[in-house]
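Given below, in the form of structure tokens, are the structures.
Common to both upcoming complexes is chain A, partnered first by chain B, then by chain C.
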Partner chain A sequence: MDNLDFINSVVTVFGIFAAICGLVLLFAKEPLSCALGLLGVLIFTAGIYAIIGEHFIATIQLVVYAGAIMVLFIFSIMLFNVKHDRESFNWKSPLFLFTSVVTAAVFVLLGRTILQYFDTPVIESQKGIFTREMVTDLGGNSQVLAHSLFTQHFVSFEAISLALLIALVGAVVLAKRKLN
Partner chain B sequence: METTIQMLAAFLFALGLLTVIVRRNTIIILMGIEMMLNAANLSLVGFSHYLAQINGQVQVFFIITIAAAESAIGLSILVNLYRNFTSIKTDNAVTLKG
Partner chain C sequence: MDIFTLAQLLAKIVFVFAVCLGVIPFLVWFERRGSAWIQGRVGPNRVGPFGLIQPFADVAKFFFKEFWTPAEANKWYYHLAPIFALVAPMAALTVIPFGSYLMIGDQIVNLQIANVNSGVLFILAFAGLEVYPIIVAGWASNNKYSILGALRGSSQIISYEISMGLALLSMLLVYGTFDLHSMVAWQGQKFFGFVPAWGVFINPIGALIFWISTFAETNRLPFDLPEGDSEIVAGYHLEYGAMKFALFFMAEYVAMIMASALLVTLFFGGYQLLPGVQAAVDAIVSMNGLSDAAAQNLKAVFQFGCLFLKVAFFMVVMIWVRWTFPRFRFDQVINLGWKMLFPLALANVVFMSVVVYLMS
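Right, the complex of A and B next:
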């Protein structure tokens, strides 16, 4: 039980930090500060995944999201030299106030649904077999996930690798300078 | 803990949505899309952990792959946008405006 309390408090602290980094992404003026805010969100999310025991997803999040995709973003910020066109957005304009009210309404509705319907008996009856102890007995999170990935979902796995290859070729073709 | 994770996912999704709507820099719009995808991932992993199932995490694995492909395609579209308008702000790409 003490362990569960520790996990709860770590998840709460990481969640607060991730929310602060998300606010940095929304309000920062320089694109590089926005990129650092997104990086903070991704890293703290990976921390939450790791502390609740989903180690494989945490590693994938760090390597692919916080590694590869962030390098791509920072590289393109450098490439486009966006210092010249800084944001000149008016934070008190009616457009911003209206959209923030709409987004706050979306958030309040989502949160109300979550808090109202979370511990209903319908969800309790849907629980699967992969509890924490069961996953440890089966050889850890990565082994359980890999077994599911290469038996039950192997067609999706192959299809997604093909999609990634097509996206790679498409990105090269799109970014290539036209030959005259 | 479970409700904390779900509320955080909802909050990050709302922030990403607001970023996509109000910012005018195309790179930052792409970052907002990434944050919305990340919030969906967080929600899926939270429910997968809560329900003691593995399918949500397999889904998150696929979503991360698709997000990588999407950001590569999006940034190469940005290269073309910059080549045509010498700027990546959406205010300058107004060719279709009537």
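Right, the complex of A and C next:
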């Protein structure tokens, strides 16, 4: 078994697991099961990134999404003890029927497009400036990303962190009902 | 992937996990005998010499206990949690370098299972996943004490992960790399010709914050609120018995080993030889007239021995602390995390960046 075959088979296995977790996310009854399904999707996607050699994206996916955001999701689900109100859901409401028809149509079209084009070679026109060799020469993904983030995109980086800080302060102010 | 690469990879995996899981019985023995000694008791001393076989007797007992599941538990997640608890810290262990390299024939064997491009972030990723088994176990057992333990555990781990990450960041500024091998190599330098350039001498505050945070991350006393036995019986693993409980128990020790190994790698020179060992290696090499390859292999063995000793030291201190300090109250834990360690770690990052800027 050569390397590419191995990578392809691992990607396939991870993809199948991710799809199963996605189904859990869609069809599970308890909110926590849904959240854990999403966690599974994130972990297996991170596995796919790691096996194709994009370690940085894989670890960031685990640190940020699986390690931080999903923990907060699950924490709040557990804290507020969300009850599943499956009984009260109206399966025959016109809005639900309309959205399900639209979703089904989009899904069928998407599936048709994917099946039509899935064996066409990679599109060459949309690539960024960095090739894999260039990234390795420059010292790996983290180095290249950090360098462009803190030189070229420094102002937007600072602006985004400021926006996040404002959001954080706003959340604290909103959560604290009485300010003295 | 040729057969040599595969074989050396498998050998490294088996070696690391065998050492890591193999020392657990002795750690358990040490924990029980040590606690007995600290508290003026005798401790287990009947099974084997000095009671050394006691942990194995415990394991046999765990295996033959009834495999019991609470009726109201969510079976799937209930059984998943202990497995996840053991897997997360073991996955993090794969990127810890346990020696420089071996020369086998003309092939170089890098003594690290996974040479991940962003090694430290990989460890942080799996340290972040360690909160899930606690949450899932507490929720799936369907028990109020378990839920309380899970809530305590998750909030505690989230809080201390921040100061841990910031302490790590201050060291990343110094080393300028994510690669754990390069970090250890950096620490091979000497200050003034004789002081080893360990991270702890450059950044003692960062080392202290990181060390305190590892206690909280591994739920060891004085931060064992998630299982606080006097308040919530056993917390998140209250409803677990037999081997399922033993898995949580093993996971705690693997997490301790992982945290200590990371602490040693970042702040205490990793596999760098302890002072004086280099002279011993040189003496053996010159006495036996070893070739370069054999000398390097010998050095790698000594490097692993030094890493083992350093990690063992921190494990012993962890056990010592557990039986010396009382448990915090929960508000004290959260206050310490958010009002003391977090601002201190942040200030330390600023301070270290000034230091690094002035030094370069």
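Here is the rule we go by: the second predicted complex is superposed on the first by the 136 of 180 C-alpha atoms of A that agree within 3 Å, B and C clash if a C-alpha of one lies under 4 Å from a C-alpha of the other, contacts with A are read in each partner's own complex, and residues count from 1 in each chain.
Here is the rule we go by: a residue touches a chain if its C-beta (ideal position, glycine included) is under 8 Å from a C-beta of that chain, and two chains touch if they have at least 3 such contacts.
Source: prediction; values computed, not measured.
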| item | value |
| --- | --- |
| Contacts of A:154 with chain B and chain C, given as first, second, both or neither | neither |
| Which superposed partner A:68 touches (first chain B, second chain C, both, neither) | both |
| Touched partner set for A:6, first chain B, second chain C, both or neither | second |
| Partner chain(s) touched by A:117 [first = chain B, second = chain C, both, neither] | neither |
| Contact breadth on chain A, by residue count: chain C or chain B | B |
| Which of chain B and chain C A:25 touches, first, second, both or neither | first |
| Partner chain in contact with A:170 - chain B first, chain C second, else both or neither | first |
| Footprint overlap on chain A, comparing chain B with chain C | 56, 60, 68, 72, 79 |
| Touching residues on chain A, where the partner in the complex is chain B | 4, 7-8, 11-12, 15, 18-19, 22-23, 25-26, 31, 34-35, 38, 41-42, 45, 48-49, 52-54, 56-57, 60-61, 64-65, 68-69, 72-73, 76-77, 79-80, 82, 85, 87, 89, 95-96, 99-100, 103-104, 106-107, 110-111, 114-115, 118, 123, 126-131, 134, 144-145, 148-149, 152-153, 156, 160, 163-164, 167-168, 170-172, 174-175 |
| Of chain A, residues touching chain C in the complex | 1-3, 6, 30, 32-33, 36, 39, 43, 46, 50, 55-56, 59-60, 62-63, 66-68, 71-72, 74-75, 78-79, 140-142 |
| Contact footprint of chain A on chain C as seen in their complex | 1, 74, 77, 116-118, 121-122, 124-129, 131-132, 135-136, 139, 147, 150-151, 154-155, 158, 161, 178 |
| Chain A partner contacts - residues on chain B that touch it in the complex | 1-8, 10-19, 21-25, 27-28, 30-32, 34-35, 38, 41-42, 45-46, 48-49, 51-55, 57-58, 60-62, 64-73, 75-80, 82, 87-89 |
